[in-house]
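In the two assemblies presented below, chain A is common to both, partnered first by chain B and then by chain C.
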Partner chain A sequence: MHSKTLGWALLAPTLILLFFFGVVPFIYVLFVSFHQWNPFAVNPDMIFNWAENYRRVVFDAQFLASLGVTVAFVFFAVVSELIIGYALAQAFMRDFPGKAFFRTIHTLPLIMAPIIVGSIWKLMTTPSIGILPNILDDWFGFNLNIGQSALQAFTVTVIMDIWHWTPLVTLSLIAALVSLPPDPFEQAQIDGANKRQIFWHITLPMIRPAIIATVFIRLMDALRTVDEVLMLTGGGPGSATRYLGVHIFKEVFPRTNYGYGSAISVVVLYLTIVACWLLYVSLIAPRNTKKG
Partner chain B sequence: MRKGNRWLPVLFWTLISFLTLFPIYWLFVISVKPAVELFSTPSVILTDVYWQNYLDVLGDRTLRGYMVNSLVISTGNAVLCTLLGFMACYALSRFDLPGKESIFFWTITNRMAPPAVFLLPLFLLLTQVYRIGEFSLADTRTGMILVYCTFNLPFAIWTLRPTLDGIPKELDEAAYVDGASAWKVISEVVFPLARPGLAVTLILTWVFAWNEYLLAATLTNFNARTLTTGLSEYVTTTGTEWGIMAAISVFTLIPALIIFSLVQRHIVAGLTFGAVKG
Partner chain C sequence: MSEDAKTPKPGFLPIETNWFDRLFISVVIWVALSLFWFRFIEPLGLSIWICCAISAVLAAYIIRRG
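What follows is the complex of A and B.
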């Protein structure tokens, strides 16, 4: 009746598909990364050159600069989203007229294509046609030009990411807050705890798993941000917003140096895994040891 | 719930909603202005509406082709992922397969990697390795449908698993006892019960495929280019056709918005699946 053959047969198409489009590319990129290979160069053959490509990655100033701005971008974006998202989730915890309506509007950016978000913010901030540079200039005499100022370009990409992804944090935290039992809060109020004490000693520890899960998702997504930034700034000015994904897109393809491009890909993948692992160890592991 | 002024939150959320909606409104404003008016002082209020940008987009054969490609690829991919995800989840939920939980976790790792990392290997594989004689998957709709499975299929499996685990096993066992074939049990007992979960999965995978840009931009040249890649083609070094770009953006936005408004509740549930589990 429950033959295992049928089970494997049902699973097979998925396994085959993910193998050819998920595993094989990974093995292939690993293979290519140990070769010197430029199909359009004088010598188009693949030449095995040990870890030469990796040595180049480690000393590549452009790559290291890209890594630096990526870390800064991810840090500012994710921390801001967490704070704003928590505040908004708390604001949703009370009843008020039109709550469902406002929540729908707040969820809207989530469903939008990153490339559209990029083009919207480009239309907002481009000096000649955008509304933001005009308003800022008229009201505060502030000159917003993300094509020239590195700091402004960086800030706008962070704000764009906050606009796009804070709703995800809000929704996740609402789900966590709704499921909290009321008893500890009532007890704390009876004991005369103030709001700040309740937040640090009751709310935060209880929604900690949800916060960690949300940070995980956001961290992975922020590390892979490409479309929006590519559209908004193209990685510029200079290399101020040239985050890792943008760097690979702009550097690897036009140069057709496939061996070196593959090495960068492997290093970025490795760094992503390490970042997630470090987060996991520092946030989840201590909690488990405390319990034990 | 807490007491307090009921209208203060309304005021607060009106302000937040304004911040959320204004960029989208500005996109619309740009899309309904003729090119000459764009560079005069930008005004927030629309005085007259100019639809020519939309007509230009619809009249452009290349862009119409991109639209068809987007539709075919996202629909094909969503159907394929939902179907394969359903089959895989049925196997994972009902059969005692060795290492099945590892397989379940392995599927999602395919989605974790930054897509930029897979651009180059996928490009090389599609153009140089995955080919039979003259037939190659590079720059074909079929190729893109298969490539999109790397991020959509794991998502479908992870969204459908709770649905299928939630359908009582006793139901299909009873049907087996009555002498039904496996195909009958799956199609007539399990499938109808899983329908709500399948609908949400179908819609979300469709939206993800419709919104995808990076892979489409690098793996297609002309034949299989999608609407999202059309957008970046209007940003050139010699100047940008802002109105057209905004109109394409609106065209890309509308299907997702319609679908979103239809299934808003379910999407919220689907998007929080990771958090609720954690």
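What follows is the complex of A and C.
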């Protein structure tokens, strides 16, 4: 078989699956987003309303507030995960007693379903019965009540996301650090480079592809966080933790406003693609040296 | 896929692009401009179709010269 034909034949199952489970649902959501559709209303029919849902999105104060808190959530969560994940990866590169045990324990949050993570953190942070409010009150006299304080609720959701997803960053960066050749580090040490110079000029540029790939994955995941936040805070207090995913959920399911919910989903997908693309352009896209 | 799709072409954009990249950039700009128009320009009385026309011209320019 011709190598090109063989290539397409091998790719075909994946492409077919991607088409039916990725492209077709997207086209359907795009189609619905141009309609007014509430299947449980008096008139359950789809009514084509041009771009009315998108016109509504840009004036929706709740959506814009959700966008703001989501950007803050993604920024704090992803940056923290990257820094803590790198520190842990460096720690796991050294030998210390109980390393294998600690490495296994540290990976456990990764295998938990987000809804379970949300339940665990809800139990841990519920005032009077939760371990965290009790410890903070006994040791520091600090009153933790995520049902009342917007800042505390936001901070706890960020910490929960860090707890859940830092192991993924650590594992990715361990894989990248293990694969680094020793020669450049030995040469740098012979030339008298200190640890800071080795980190900035050798380690960081060499693991940059792994860091970018990890940031892409975490950025996309953090932008569509729903279940664990819905379980922990329900989007409250007020709308302090009503992230975009939670906002879409509340718009689509309790209100059964499918058309408008689809429009918000498309806008969120657009923002995710643009964020990842800007990251790609600013960090790895080849520069245009010749001007036309 | 045509050869043009694979071959980067020098243009006014700061990164190397093929025609599909430029189409993608055009669509991204089109959507951003439309949302901006809905929020800030349309309330002043200018129709969204003007935005579509501007976006189409911009897209053609980016795809040809970007």
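By definition in this document, the second predicted complex is superposed on the first by the 257 of 292 C-alpha atoms of A that agree within 3 Å, B and C clash if a C-alpha of one lies under 4 Å from a C-alpha of the other, contacts with A are read in each partner's own complex, and residues count from 1 in each chain.
Convention: a residue touches a chain if its C-beta (ideal position, glycine included) is under 8 Å from a C-beta of that chain, and two chains touch if they have at least 3 such contacts.
All values derive from a computational prediction rather than experimental measurement.
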| item | value |
| --- | --- |
| If touched residues of chain A are counted for chain B and for chain C, the larger one | B |
| Partner chain in contact with A:I83 - chain B first, chain C second, else both or neither | neither |
| First (chain B), second (chain C), both or neither touched by A:L204 | neither |
| Touched partner set for A:I120, first chain B, second chain C, both or neither | first |
| Touched partner set for A:I47, first chain B, second chain C, both or neither | neither |
| First (chain B), second (chain C), both or neither touched by A:A72 | neither |
| Contacts of A:V178 with chain B and chain C, given as first, second, both or neither | neither |
| Partner chain C, residues of chain A touching it in the complex | 51, 54-55, 57-59, 267, 270, 273-274, 277, 281, 285-292 |
| Touching residues on chain C, where the partner in the complex is chain A | 8-17, 24, 28, 31-32, 34-35, 38-39, 42, 48, 65 |
| Sites on chain A touched by chain B in the complex | 1-2, 4, 6-8, 10-11, 13-15, 17-18, 20-22, 24-26, 28-29, 32, 88, 91, 93-98, 102, 104-116, 119-124, 126, 128-131, 134, 163, 168, 171-173, 175-176, 209-210, 212-214, 216-217, 220, 223-224, 226-227, 230-231, 244-246, 248-249, 252-253, 258, 261-262, 265-266, 268-269, 272, 276 |
| Chain B residues touching chain A - in the complex, by the definition given at the top | 1-2, 4, 6-7, 9-10, 12-14, 16-17, 19-21, 23-24, 26-27, 30, 38-39, 41-42, 44, 84-85, 87-88, 90-92, 94-97, 103, 107, 110, 112-125, 129-130, 146-147, 149-150, 153-154, 157, 176, 182, 207, 210-214, 218, 228, 231-232, 235, 242, 245-246, 249, 252-253, 256-257, 260-261, 264, 267-268, 271-272, 274-278 |
